[in-house]
Structure formats: structure tokens, C-alpha cells
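Each structure below appears as C-alpha cells.
Look for chain A in each of the two complexes below; its partner is chain B in the first and chain C in the second.
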Partner chain A sequence: MATKEDILEALADYQVQCNNNTRLRRMQRDWSKLIHFLAEDTGDYFTMDVVKGEIVSYEAVAKGAPDIIVTTVSENLCDMFWGDLNPSQKYLAGEIKVKASQEDIIRLDAITMIIWPDV
Partner chain B sequence: MTTLRKVLKLRTVISTSVGMALATSCYLAGLQVATIVVGELAWISVLVAGLFCLLSAMCLSELTSLYPSAAAIKLYIQNAFNERIAITIGMFYVVLGISMVGAESYILSSVMINAHIFISPMVDRIVWSSIFILFVAFLNYRGVKIAGLAEDIMTFSKIGLLAFVSIYAISTIGIDFSPALASPNFTLPKIIQAAGVGVFLFVGFEWVTPLAEETTDYRLIGKGMLITVGILSILYSLFTVALWIGLTPEQRLSGTAIPHILLGRNLFGTPGVVLLMFMSALASVTSFNAGVLNTSRFTYAMARDNVLPKMFSNLHPDYATPWAAILGLTIFSLLVSVVIFITGQYLFIILMAAALECFIYVVMAICVLRLRKKYPDKPRDFKVPFGPVIPVITAVVFLGLMFGIFMDVTKDYAGRVLFANYWLAVVMAGFLVLCTLYSMLIVPVFKKKAAERSATRQRRRPGREDKGVRAAGSK
Partner chain C sequence: MDYEKMKKQALADFAEYVGPMKARTMKNAGLDIIEGRREGASVWDLTGKKYIDCQTGSGIMNVGRHNREIAQALKDALDTLDIGVFLLCSKQKADLAKKLAEITPGDLKCTIFGTGGGEANDAALKLARGYTMKKEIIYAQKAYHGHTGFALSAIGRDAYKEPFEPLIPGFKMVPFGNAQAVRDVFTKDTAAVILEPIQGEGGINLPPQGYLQEVRKICDEHEALLILDEIQTGFARTGKMFASEHWGVVPDIMTVAKSLGGGIYPISATIFKEELMDFFVPHPFIHLSTFGGSDLGCIVGLAVIDYIEKNHLAENAARMGDRFRVGFDRFLKDYPDLLLEVRQMGLMIGLQYTNSSIGPRLTKKLADRGVIAVYTGNDPAICRFMPPLVITPEDVDFVLNALEDSMRELSKETGIGKND
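Right after this comes the complex of A and B.
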């Protein structure tokens, strides 16, 4: 089980990886979303604010009305932000649940695919 | 628990579901239903088909409430059986499903050449069909999305126009049931046989299940599907009868691919032709667009899951659309269209789609039963009432309908034999064998390669730098 601090640390790295990736920034340049992540085993919520492809903030609370809600266990969240798991596989296995449009689900998956293409 | 800022409403769920089912090829399938049974009483078979689809919609509603995911059908089968069967049936469904575009593009091009021939019927047909397929591919490539409200307006306009044309035809021409009731074709076996073909009219209504993730209440999808089947049943019943009584016997005998256009001409003259051409184009584009949207996403997801070649997971650098998957499906659609143009057997595809749909409904009903046994305590927002009765009936009925289709012979109105339907079973079995071989022989190779890649990759998470990326199912 990953703690809130573990996930925040992972999110910090995720933010750097995303924001420094020019290919990803180009693809997501018109994508602005408020994303909620719920670690269902710990009950912790995380909010990530993406503005024009840039992760401008993240915090360990459920803030605002989200465009996307991702629900899974804390370990999956932590590994996903570190690029240590393929979110598509987990999603197709039903281990990650996403409430969002199909386009947003692809864009969310694209982040991992572009930053860590070998995952 | 937080809720999404923007959620789909029941209205949009219905319009999406109806929009996917209302394709141009449905008009022709309606006429085929009327040809099998007696035209004036074809509505009975349409309603029977609708009733059967209602049972299936109930099963799908339970599955959606259990797994509200865009991965829908694959996830149901995977959890009920295993991944290999899920891949096999998922691919079988997608490949044969997308081949419907061959019939759709053929009929739409027939509509267009009916208005004007520029070079020759054959050349014009190919050009129109290519334009249609490439236009939809372009929409998907650019990520052009038909917004919820636009989709609602378009679909409800189509419903309104079809209802208007049908009621106008029935009220002005009138129906004489007496000869129909006395016809030798008006028998229970014929009604059921026609209902099997009538299932085609509803093909696509279940493609709304991936939208479960965009709703606040998963039950909306189930409710939407049930209402959709109800709307389509009434609409098709009216239109099939209107089509039959609105065409002259000569027009029926001609084996036309554009009965709705002829109906428009008979009823309203040139304005009727224009109106129904517009409806046809709208129906084809929205239905095919939704088909490509869903299947390209499915192909992308399969590639990301190392089931298909990795190239299909490529996203466009600007539009974030799965361009390789879209391109692959477009090429496949064009190839199917070419085959249809050469053979002219668009009815073959329509009947194959009906049989495929029956097959999928059987699988879904079995999934309901197996998942109830495997996960009896897993929460379900909707559970089909009366225990196993309805899923069992659904499985038996659709299995019967599927074999009913296979054992028949397709004829046109004049009684000419077009083809023996066992060829449908042969083609479908061939595809199923190919998909099975693919999942047994090729997928393990892709999975092995992916496992080797991940085994050599060092994990980035501090304290977990042991090698190997976590696969699905691993803790």
C-alpha cells in the first residue's frame, strides 16, 4: 500500500516528466482538464490540474468538479506516476477505472506512452 | 465521492444508441424482412426482433452495471471466461463488424448514383464510396467530435423524418391486411426467420456501453438501451410497412438497393428524393463514424495491451488520435467495399452482421450467467429479474435465430436465389478460426516480447528499482 506521501512524491516526478516532454506538450497543447485520482484502498484523493497540456498543480485533496476521475489502488497510482506500469493493461483488466470521455482516456494513457514508450 | 463536471444525460445516451443503429442499410434489411414474411405484416417480425433485442439489452445492462468500462465486451468475456477467449471474440466482433461498412458504402453510393451519374455507374459508385469512407476516416483522424447536442439534434431529426414519412405513407396509401393474412408466407416459422434478419435493424444499439464512464449513474446506459430498442422497434415497424406498400411491385421486383429513395420519389416526387438522400447520407455518416470511433479505440487499446502490433498504438502528434488504427480500419473498409462492388452481394454482409449480432448476444447472455456464478456478491446496479430465466431464453433464442439465418436461402422479391446462407456460416467460421489462431499463436509472441522488454527495464520508483514493469494482475 502506498502512502499519501509516496504518491505525492511520484506526482512530483510525473509533473516534471510531463512538462519537460516537448512531444507530449505539443500533443496536449489544447487539453485542459481537472483530474481526480482516488486511491480506493486508502481513500486518499489527489487533484491534478492540467492547463493546455501543462500540469500546473497537484495536491492531496479532491478539489473542484473534475473532468476525469481515475480510481484504483494506491500502489497502482504510485507505479503509474513513476512510469512503472502500463495503465492501458490495468484499465483493460478492470484494475483501473476511469470516468471520462473516450478521448480523455486516450489522452491520459498517451502521457505514459509518450514519456515511457517501453512500458 | 466526487462527480464529473460534465456528464451525459439519458437523452444523449438514447440519441447515441439510436444513431448507431439507424444506418442506411437498415432500410434494405427492412425490405428483406418484408420479403421473407408478408410485407403488410412485416411489423410483426420487426417487433419480435425488437422483443428479443430487449432481452439482450437487459443482459447488456447487467454487464454494464458490473463493468462500466469502454473496454466493455472484452472485459465481460475476460472476466467470465479468460483473456484468450476475450481477445478471440473481441477481434472477431470488430473485424466482422467493421465489414458492415462495405454494405453501407455500397448502398450509399447507390443512393448517390441514383441522383446523377457523372462518368459511369461503376466508377461513380467507387468514387462515392471512397469519398464516404475517407470522409469518415478524416473526421476520426482529425478527432472531429460530434458534440452531444449536435448528435441529439441529428438523431431525433432522423427519427422524426422517418416517422413522418412512414405515417404519411400509411395514412395516404392505406393497408389491406386481408390478402396478407391469407398469404402462405404468413406462418410462424417465416415470422421467426424474418425476425432473425430483423435483428440487423438493431445492430449497433449496444455500442453505447462504452459511454458508461461518462455518466453519473450506470443505470442510465441500461435504461437508454431499453428505450432505444423500444423506439427502433416502433420506428422500423412503421417504416418497413410504409416501404412495402409505398413501392410498386415492379420496384420491389427490381431488387433495388435504394428502396427508401424510390419511396421518397413515389410519395413526394423530387423533394422526397432529396429529403431521403439527405437522411441516408446523415444516417450512414453518423453510424459509420461511431463505428470507426469505437473500433479504432478498441484497436488502439489492444495494441497497448500487446495483443496487436505495437504500431496500432501510435497516436497523432497533434490530434492525439490513433491514426494507425484508423488507417488500418479504413484500408480494411475499402477492401471490403471493393469485394462488395465486384460481387454485388451487399445482402451477404447484412445477413452476416445479423448472424454476428446473434452470436454476440448469445455470448453476452452466457457471460451474465457465468459472472453471476463467479462473482455472486459483486455489486450490480441492475440485475436482470427472474434469475437465470431471461439470460437462458436470450441465449437459446439468439442461437436459434443464428442457425435459422444459416439454414435459410436468400432470395429477392422475385424469388430468385441469391445465395445459400450456409456460406455465411462458412465465412464466419473461417474468421473465427483465424482469430482463434491469432490469439493462440501470435498474441503469445507479442506478450512474450513485451514481457522481455519490461524485464530489462529498471523500475523508476525509489526503493523498487528491481527490474520489471508490473503487468496487469500483478501485485
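Right after this comes the complex of A and C.
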């Protein structure tokens, strides 16, 4: 189980990885979404605001009306933000649930492919 | 078998069920041919009359009519394969895309497959807009890029477009060959410039020296893309594998079709620089084609490229082009009232006649003498010669003799001359 603080630390790194990746920023520049992450084992919510491909903020609350909701156990969230797991495989195994359009699910996978090509 | 009867029936059925006006136009031009046997640069009418094909579907048959090696490659593939499921990854697609990356200029690398030239240009224009997130497309007067949606919007001939308006917005037309005109219409919202390196349907219009290089520079200055449509000029037609190589210009996107299928199987390709793939990473299924780049088509495409390389068709195109040129230069001197100019690069040839009645009349006279060469849609005063690149010196001489006889005959008729 990962704590709220563990996940926030991983999110901070994820934000840096994404925002500092020029290729990713260019690729995602037409993508603005409010994303909720729910750690179902701890009940912790996280909100990430992506504006034109840039992660402008994240916080440990459920805020606003989300375009995408990602639900999984806290450990998976932590590993996902550190780049230690392949979210698509977990999604296909039913361990990560995503409520979003198919296009947005592909976008999330594309982000992982760009910042962690070996995952 | 009564071939005369068979031909007559085929023409009548075509007129009734496919296109009455097309059948009539072909008949009037002496081109009421029903193709039978095909080989090398030649095609035989069902009734047995032989023609040298200098039309070749505007450059489909670079490897010759019914090339046996290409046909055999397709036959072999058909023993085990079908077109494949377009949604899956494919070895054949990967093999051809890799080969295209190898033979195209500069750092062109990735490919979207399609079935025809219009589809290839549609893909190019969509990619340009998607990647740059800009809207405007600059294209040239007399340009021809196909009859599908985006491509049609970039055709420089109103007659093809007007019945279907409104077309896709954001397309701006400029004169071909004038780089300053391109610069003048550029804005911060310009996504791309699309050009044929040599205009085909427009009348075999060669770019002035420095034009393509300057347009490349303008695109770079504005972070816009350069799309070169090599659908007619590609695959050794002009004496190099791609016409853009003559000017050392590498586009961001190149489209090819026609001859990639060797006249055997329809296939086209939109080849682009790797950085543009970033548009498709988050949108991997945004542009699909059921039949585009089918496994069979890719096998044919690879066989075509192999044949062109192995048989040095680029060199033959240059050599046979030079042989044609000797004859044309003589005709320019001998028939100044008929022939105004010859525009040529390799076996991409345009004869500019002195008036617009000459094209149709010479087309008819050439057909009577066993040569298929048709005036362009944009201008009947221009006749396009695009024979197969396997054409032999004997065939070239046959065409030149037929052209000279036709011009000699025409020069004695009334209604000919610069002022008619």
C-alpha cells in the first residue's frame, strides 16, 4: 500500500518528466483534460489538470468535473507515476480501470510510451 | 473468336453502363481501343492492332505493360496470402515501408499506405494540418493532386472543383514557379505547401531554377511543411528515382502512387519525416485504409522497386529521353507552326503546340499510326508523352516517326498555325 505522500512524491516526478519532455509537450499540445485518480484501497483522490499538454497542477483532492477517471490500488498509482509499471497491461488485466473515451485512453498510453519507452 | 464483334460489344456496353461521353470522346480521338495483350511499351487492341503506349495512365507503367516479373510476384503471393487485415501489423507493410525509407531522399522515413494518389495526398494534407495544428494549405495553379476531398481542394483547375463546392476551406492558390507568390500568401496559420516537382496534368511544367529550394526555405522559416507530390514524377520517370533529387530538395512529406503498383495492383504511400510521426502516436487509428498497403500490394511495390533498381530504369529513362529530345529538337526547327516548345525531364515529356486544336488532332493521327499519346486535360495545346521506362530505342524511333508523319500531314491541313 502506498500513502498519499508516496503518491504525491511520485506525481511530482511525473509532472517533471512530462513537462520537461519537449517531444511529449509538442505531441500533446492539443490535449487539455482534468483527470481524477482514485486509490481504491485507501480512498485517496488525486486531481491532475493538464492544459495543452502541460501538467499545470496536481493535488490530493477530487476537484472539478473530470474528463477521465483512473481507478486502481495505491501501489499501482505510485508505480505508474514512477514509470515502474506498464499501465496498459494492468488496464488489460483489469487491475486499472479507466473511465474515458478510447482516444483519451490511447493518449494516456502514448504518454507512458514517450517518457518511459522501455516500460 | 470474332474479336471485332467482341470489341464492338465491349464499347457499346461501356457506353451504356459506364460512360457514354467517355466512349464518345475516345472514339473521336481514335482511341476507341479495347486493350488486349500488353507487353513492354506496347499494347495490342483486341483486334490485334499494336500501339506504343505513351500515356500509361499518366505514368502508372514505369516497369512496362504487364511486366511478367511483377505479375509473377503477385501470382506467387496469391498462393498463400490475401490482402491482410488492415488493423493488424504486417510484415509486408513493414518491408515496403523500410524500403521506401531507404530509397526516398534525405530523412524521409515513415509511411502511411493507401490505394491511390488522391488518398495519399489526402493523408499528407491531414497529417500537415494535424501535426502543425495550422489550417492553411498553399497549392499551385494547374496543380493536380487527385479527386478526393483534401486533394481535390488543392487542384489548380476550377472545372474539377466548381460542381462540388464548397470544398475544404483554407486552401490558397498561387502561380506555379513563383516563390515570391508563395511567400506573399504565407501567414502564421500556414500548415503546408503542396507541389508537384514537375506539374503533370498541368502540362509538364518544370520548376524554374531555385524555385523548389526557395519554397523549402520559406516553409522552414515559417515552420510549415513542404509536401511534394511525386505520384507522376516518382520511380525513375525523370531519370532519377525521384524528381526532387534533381534539385536537392527534401520535402517533409512525399506522396507516391501510380507506378508503385507496377500497373498490376493499386497502392500508394505517403512518406514522411520521423518527427511527424508524433502526430500519430496519440492518434494511432485516426487515418485508416481498408485496402491501403494490402499485403499483396506491398509485395508488388517491393517487386517494382527491385525491378527498377535491377534494370537501371532511371538511367534508361535519361537515355531514351535524350533520344526523344534529338527528334523533338528537329521538329521544333521543321514545324515551327505546330510545335512551340518541348518541356522534358527524362521520360516525362510535354509538347507545347501552337494552338489548342492541334492536341486533339495529333492525338488522333498518332493513334492511327499506332501511338497512344494524349493531350492534357488542363490544356489541349499540350501533349503528354510518358512511355514505360523500359521503352527501347526502336520504340522511341517508331514514336518519333509516327509523330513526324502526323505533323507533316497536319501541317498541310487547314486551320493550323500560331494565329489560328
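The working rule: the second predicted complex is superposed on the first by the 119 of 119 C-alpha atoms of A that agree within 3 Å, B and C clash if a C-alpha of one lies under 4 Å from a C-alpha of the other, contacts with A are read in each partner's own complex, and residues count from 1 in each chain.
By definition in this document, a residue touches a chain if its C-beta (ideal position, glycine included) is under 8 Å from a C-beta of that chain, and two chains touch if they have at least 3 such contacts.
Just so you know, these numbers come straight off a predicted model, no measurement behind them.
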item: Joint occupancy of chain A by chain B and chain C, clash or fit; value: clash
item: Partner chain in contact with A:103 - chain B first, chain C second, else both or neither; value: both
item: Which superposed partner A:60 touches (first chain B, second chain C, both, neither); value: neither
item: Touched partner set for A:27, first chain B, second chain C, both or neither; value: both
item: Which superposed partner A:83 touches (first chain B, second chain C, both, neither); value: first
item: Touching partner for A:8 - first (chain B), second (chain C), both, neither; value: neither
item: Which superposed partner A:113 touches (first chain B, second chain C, both, neither); value: both
item: Region of chain B that runs into chain C when the structures are aligned on their shared chain, from 55-63, 73-81 or 325-333; value: 325-333
item: Touching both chain B and chain C, residues of chain A; value: 23, 26-28, 31, 103, 106-107, 110, 113-114
item: Chain B - residues contacting chain A, complex; value: 2-6, 67-71, 74-75, 78-79, 143, 145, 210, 213-214, 293, 297, 300-301, 304-306, 313, 315-318, 320-322, 453-454, 457, 459-462, 464, 469-473, 475
item: Touching residues on chain C, where the partner in the complex is chain A; value: 133, 278-279, 281-285
item: Contact set on chain A toward chain B in their complex; value: 9-10, 13, 23, 26-28, 31, 34, 36, 38, 45, 62, 64-69, 75, 78-79, 82-86, 88-95, 97-103, 105-107, 109-110, 113-114, 118-119
item: Residues of chain A that touch chain C when the two form their complex; value: 23, 26-31, 103, 106-107, 110, 113-114
